[in-house]
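Look for chain A in each of the two complexes below; its partner is chain B in the first and chain C in the second.
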Partner chain A sequence: MHDSILNFRSYRYLWVSILLCAGSLTAYLWHDPIGVPNGGSWLGYTLGTIGAVLIVWLLWFGIRKRRYGRAIGTARGWLSAHVYLGTSLILISLLHSGFQVGWNIHTLALVLMLLVIFSGFFGVYAYLRYPALMTRNRASATREAMVAEIRELDAQALQLADKVDKSVHDAILRSIQNTRLGGGLWAQLTAKDDSGQALTRLKEAVTQAATADKQHRSGQTMVVMVDFLANQANDVQSDTLRRLIDLVSRKRALASRVARDIQLQALMEIWLYIHVPLSLALLGALTAHILSVFFYW
Partner chain B sequence: MKWHIRRVVKKGKGSVSYEEEIHFGDTLSIGRAADQAIFVNDLRAALEHATVTVLGNGRYRIEALVASGIRLDGRLEQNATATSGSQIEVGNTRITLVDPPKDFEAAVEVSLVDKTEVAAREDAEALPMTLAEAGAGKRRAAWIGLVSMLIIGLGIPLAAHYVPTLRIATEHMPMVAINAWDTGRLHDAHHTMAGDCQACHGEPFEVVQDEKCVACHTATPAHADPAQFPLPDIAEARCAHCHRDHNGNEGLVRNDQILCSDCHRNLTERIPNQTLLTNVEDFGRSHPQFSVLLPAWAEDGSFAPVRTSMDQIPLIESSGLKFPHATHLRERGVTSPSGTVNLVCADCHTAEPGGALIAPIDFEQHCQDCHRLDFDLRIPDRQVPHADVAAVQYMLDEFYAKVALEGGYDDVTAPVIVRQRRRPGQPPPSQEERREALAWAQQKSTQTTDTLFSGRACGVCHSVSKDPAAVRGGWQVAPVRVAGQWYEKSRFTHNAHVTMDCEACHIASQSQASADLLIPEITNCRQCHAGEHHQELLPSTCIACHGFHQSEHVLPSANL
Partner chain C sequence: MFEIAIVGSGPGGISAAARAAELKVPHILLEGALHLSNTIYRYQKGKHVMAEPEALPLRSPLKFQAGSRESILESWDQDVAKLGVNVRHGAEVTAIKKTDAGFELSIGRNDKIQARNVILGIGLQGNIRKLGVAGEDAPFVQYTLDDPDEYEGETIIVVGAGDAAIENAVALAKQNQVVVVNRREEFARAKEGNLRAIQKAIEDGVIECFFGSAPERIDKLTVGKKPGRMILNTPKGRAQVLCDRIIARLGANPPRTFVEACGVKFPNDDPAAVPAISEKYESNVPGLYIVGALGGYPLIKQAMNQGYEVVEYILGRSVEPADEPLLRAKFESMPGFKSVNATLQKIQNAVPLLATITPLQLREFMIDSTLLAPKSGEAIFKRNDYTNSFYCLVDGHVEVLMDDSGDKRVVLNPGEFFGEMSLISGRRRTATVVAGKSCVLIETPRRSMKRLINSVDAVKKMIDQVFVERAIRARFGEEATAVQIRDVVKGATLQRFKAGDVLFREGEDGDCLHLVRVGSLTISRQIAGREIVLSYVPAGNYVGEMALLGGGKRSATAKAAIATETIRVERDAFRKLLAQNPMLRMKLANEVKQRTAENITTQAGASSGDVISFLIGQGVGEATDVLLIDESLCVRCDNCEKACAETHGGTSRLDREAGPTFANVHVPTSCRHCEHPHCMKDCPPDAIHRAPNGEVFIADNCIGCGNCERNCPYGVIHMAAKPKKKPGLLQWLLFGAGPGPGESPYDPDSHEKKAVKCDMCKDIKGGAACVRACPTGAAIRISPEQLPEYAYARAP
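So, the complex of A and B:
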């Protein structure tokens, strides 16, 4: 089976987390605190300490992953432990609090922690799923190569268009200007590209040229286009137009793949923009939580 | 219209030369076609790409003839107005609108756009392809998150701690200032202090001190004699060890079994020869038999109950009263002046206003309807007072003296002066007659008193004795105690048991004599109650009946 962050060393850290959770749960069920279960009992303090140490250790992953080759263990091992031990925090923190929540910094820390963990779950999904999708989408090309190919196709298209008709040339010119690869956050995540429009405009331009040519102002685009192509006196021009449509279609396919590539990469990264800032916010809330409970012991 | 067109021709190594020409016409055409005023040799230009028209006052109208538009000052435009200094770009050609020289209405400068410049611009205009390029950043957001949490969670609450006005201003704002630190709802008993953390929390990083508790709870009894059993030796010393707030209405007062059984399960080993208490761990499994307070009286007549184990045989209650419950509760009822009455427990036994104990029996209220204290058949409505031996004698002395002096008392054993009715106008009795009458009265009173005490009235229910040394009277009634506190160490309340039948605990209908103690012992309670962890019976911890703070000594710290 393929070795992933989840099954690293035969699920070593899954077992560690299960043991940790089972131990905590057993202690919680066995423990008979004064009053109701809460963070102030000896078990509450113990689970709280385990939780706080885990959170700091999980945050350390952000530093560890940048230390290539001069740290203990492999990055994959650390990530596997990061995922499983991070997940175990859900139970440990809830047991620590005795399932008590309120409008306070303590529950805010809990909520931040849960948001960090659940955004991390998306990250695990993204890391396991998107690389394969990206590879398949790129079809053994690189994004730079695809972008270069689009530029090349644009140049070829302009040359061909010039040979057909000035309205066709204008349509191609406009489509080159309007080709949008990438964009803002939303555009990247939704994989928007305008390459589809280029083909439509080209067809419109051909239709326009044809109707102008034959004084034929009615009829459907495709019919008119085929008609135009079929009736072209100049075989060379007709052939050029076919090649042009082929070029624009190829460009469209390429642009879509680039947009999808950008989208997949953005999806693979976007959760980190929630995971990382929130984990630092959690560090702040956790510090406030710990200091405040001992300030008013 | 006369246009001045100046072409900039690059000659390599940075040197340039200019070619000038004049164009006549309203508009200046730009395009790849040969007939254009400004010829653009680039496929990116249309044959007829754009026109520039003079509007006057140094302003020009720029019009693109193709949908792809033209680049005016870096922006793509279809139709725009420009002034001198503006740059139009079509394909590889840049046309700059300049101030016309003398004798010209309009002027442009035409040059080729540098390839490196185009590449740089394309790079600059390339849309972002990664989130980082799109301006998304983690570092800034992370810092904002970290710092804002520290401000909300530490900075503002700390400020409110040290600045009372800020604390008061934010007192009712959830999540704000010190409220952000609130670890949970206070017990209702402490809610008045909800906004004043320092009422309990003193120095920072110091646990809640007992002094804060006893500032209000001044009269809290100790658990045991503080001199003999100092609290730090017998349990965790702090109030807050047991009393933990911020857990709502639960948890502030401990009622778990371990609170007591921790020490009391092996108390005799823990403090050998220092305690009279026996070991106890669990009400159902390990609890000594109850010890009841049996009524008794000291030499001086004061009530001095004797604590006696319910296991003692025989167990005799000396209430001082002769009262067969069975007779009063028999099914056929009891005969009363108003007919046959079927008595029930509540006819005589009612709870005290607090509901904990049963109120004492009241003769006038509960007994007198049947057990009348009348003393003379001729005046059946008159009764002697109850519970006051001396008052009985006084009343009868006075009563018969009056009767004797008034006369008309129909008794053949009485002297004539007593029997004779006085008539109006008749002379008053003589001294001799009065002496005779009063002598009879005293004799009659003594005789009636003796009858009442010895048999007919008092003796029915009470143990009555007579002082042999007394010349007259000398009757004594033994003290009585029929209701009160039987178990002084527990907090039993009838209130919590009102739904039960009295006979479930007090088997009165079978009791023939008042010597039968009708107070239930431990097995009776264990029919329903058991220890904290019992699965079937009612789990009852020590605190259900006993109090932790029930010593007669007040907590020593309360005297600080």
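So, the complex of A and C:
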């Protein structure tokens, strides 16, 4: 029922690619060129043509996937073919060049192509790995719902903090202001929030209140804190602090889930920012490569 | 003494009053509101009102053509003033009593008027309940709320505990101080989501709520900042709340009670039933006429025509009904056509099913229906089609082919009907029907047929009887003789179950078997203290025969997944049938063996039952085709939504992210193409249809009323205007022209919103765009028949 891009139609395009590679390799081994193997022999031209056609066709995927109404095949089939045939291009282009490299436009095209292909490999990895992680992280909530809940928790926390004192209020306010989810690319990858600090400040406040209390015992702060919270159930201030801690902890958990969600989504998209511009650069380099070959013919 | 009193100034009433005024007949038009046509008046601002059915000519002194709500109301107001219609506003009719001379109408609490004839045009909306305390009509008291965002910084009292009150209160609380007054101790009538929202708002202190409290009176204030106050009776004593505004949402009194109190009879208890009226729109109370939606005519133009005609009838004139030309056009092609009435008579004589219905019902039935004269050998519908219209055979024969080979054939004779199976079950056609020589058929759309079934008991009975007989024959008829089948049919009964009801339990004695005729079931077993769902049984299958064949004890529990109807066959009748037919017994025993084997496989992968339970919980039980997304493959690129928007006028009909997920199976918010689509329930122009492949779609004659949007329990229908045309893909890609793929903002100036929903890309070659556009294969569509297989494959 559900199949991934790799096993589309029982690996149809894997087989196509294998056949293509095997055919090219056989021809390369069988071929006995004049001098060293290179792009200038008839086999070199043939493989070059195949490679160039493949590159243009692979680029066409960007258009195909946006043509919704009247296109042939499914986007999944195209992507499956895109992945396998794109991979086979490594071998075909190397055979085409006869493994010759140098500091020239030809090798530039080759390098760009390899960069495009390897960035694509990361894409395949990301597509197969991150979706499941994302689902698990979200736990059936939508991002919108999580963000809405964070806003609400913030508002509640601020209201509560008003009742305590200025320092707690400031800590909460600072944590709200410092919560930064999404934004630019780098921000998406490194999103984090500041609730941790606010929590620390809150716990300090509790400890302070406890130390100021007559019943206080010397010893570890943790013990004091727990003791204080446990004994002073009726105290309005401690009750408020306890609720604040609950709120901020819940917010921290949510915020880190949203941050992770954004990060995963960014990871699934970021490679395209390399893959696509480089493939356009490749198209340019390829054109230059072909023109220069014909120019010096 | 008026000649005619007209109650309600909707399209029907207003048109009747206008005609009476034109003819200078003493009349009075009674309207409870302060303006005419309250239902249309309450449409949202600028709403485009359509004039369906287009082919029907308008016959009224009032003008009416498609246009904005404002232009229509204005033109009616002008016409009413010009014609000198005698309108009385604020006149709520509380009772209508038959007297010797005619009728006595009570208006409000103590006013009365006399009239010889009464035209009831009060629609189906009902009267909005008022607060019933002093000050209920103060200027700051309102009973509706169009746009909660209109108010800001006010203190608003919301009275009521239903969904409308809660939704208003919660929405208003964003910008206002809201006080809710609830007569009871809790919000018992509210939907789950609303209940949570209001409880939370009260807990957070956003909304203040007086429980167990009732308004005592409302006072206008002249001093202070607030224009009014409400005095409340609370459990702790009296309280006063100063306020800027009071919004009371107390629901409406359905008109049925009132209409029945006038002496009018309804054919049955069905909430959708409307009173039977004669060809001249007269009810069973002589002199009391009914027009408009209450008489079964929900469209504006129909009601206006009725208003005109009913006045003519009251004056003793005969008018050719407005639909006469439509019917003539329909009938003219029939061989031997003489007149519309003669043809109607001929149809009624030929088809016993239609013999008992009134002439008006027959006319309406025929207007909605199509007369067909298919060539001999032409297929009327094919097996496995999803169509659901209903056919009556007027003349000639048809052949019913029960399987693809065409070996099993049944011939139907004139007067018989077919197509009832798919109509009732909402599932695929179970047979192919081929026309015989010179056959004449009436094809009736689902809605008209359902309406007839709901309003005429005799029709319902006859169809049910034939359904049971044919269903049983289809199951067991191959081996058994007609006489043996008749015995089984005789004892068979129809049983209804609500969602979650148990048909029978594991371990009980088996006393009957059930043929599922509407809805679907889940089969489950108690394993290690947990209920494990083994399989899913859609309509058209039977359950419970295992126990009747074997040991006598139920091996599993059968539960209704959604509202379900079954044909119950008693044990003794069934055993007798088996005893007479060893072949049938063997066939069934084989099927049982196979089913047991399947159950054991499912049990082995017990968690697949969890997947089934989850999907049934998401309404897949009533679906015919549902979009599922595998979240372990979905890269959240939203290409599915973009593809949908791109291929459907700019609005995506699916929301990928919304919806629950279980074991990586995500059910997005998108149409399930239900067996009995909720959206079809109340569509005034009958614009929602099912295509032969099962797609439920909305045709262009949608009037944008929004009923379907409200009726869909899955929230998959939107109201949308057409976006502006945008440049092609390459222009966007190369030059950034226009919005990108999947992005097309609506034309903000357009008020002509229509309902849009998934049509499963029925007009696009290659199938659903969402699935085809998914680059990773995460999106697939499945039908419930594939559910067990799918669940098995997906089990975690």
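Going forward, the second predicted complex is superposed on the first by the 259 of 297 C-alpha atoms of A that agree within 3 Å, B and C clash if a C-alpha of one lies under 4 Å from a C-alpha of the other, contacts with A are read in each partner's own complex, and residues count from 1 in each chain.
Here is the rule we go by: a residue touches a chain if its C-beta (ideal position, glycine included) is under 8 Å from a C-beta of that chain, and two chains touch if they have at least 3 such contacts.
Given the structure is predicted, the values throughout are model-derived calculations rather than measurements.
Using the contact criterion defined above for the overlaid structures, shared-chain residue A:265 touches chain B and also reaches chain C. Of the two partner chains placed by superposition, only chain B is touched by A:296; chain C is not. Contacts of A:103 after superposition on the shared chain: chain B is touched, whereas chain C is not. In the overlay built on the shared chain, the residue A:273 is in contact with chain B alone; chain C does not reach it. In the superposition on chain A, the chain among chain B and chain C reaching more residues of chain A is B.
When the shared chain is aligned, no partner comes close enough to touch A:124: not chain B, not chain C. Residue contacts after overlaying the shared chain place A:143 against chain B and chain C alike. In the superposition on chain A, contact of A:202 is made with neither chain B nor chain C. Chain A uses residues 143, 265 to touch chain B in one structure and chain C in the other.
Listing the residues of chain B that touch chain A in their complex gives 43-44, 46-48, 66-69, 76, 126-138, 141-150, 152-154, 157-158, 161, 174-175, 179-185, 197, 201, 204-208, 241-242, 244, 246-248, 250-252, 254, 256, 258. Interface of chain A with chain C (complex): residues 1-5, 8, 62-63, 65-71, 74-76, 78-79, 126-127, 130-132, 134-135, 138, 140, 142-144, 156, 265, 268. Against chain A, in their complex, chain C makes its touches with residues 204, 630-636, 639, 642-643, 646-647, 657-658, 660-661, 664, 666, 729-730, 733, 741, 764-766, 769, 771-778, 780, 782, 786, 789-790, 793-794. Residues 32, 34-36, 38-40, 100, 102-106, 108-109, 112, 143, 155, 158-159, 162, 166, 169-171, 173-174, 176-177, 180-185, 187-188, 262, 265-266, 269-270, 272-273, 276-285, 287-289, 291-297 of chain A are the ones that touch chain B when the two sit in their complex.
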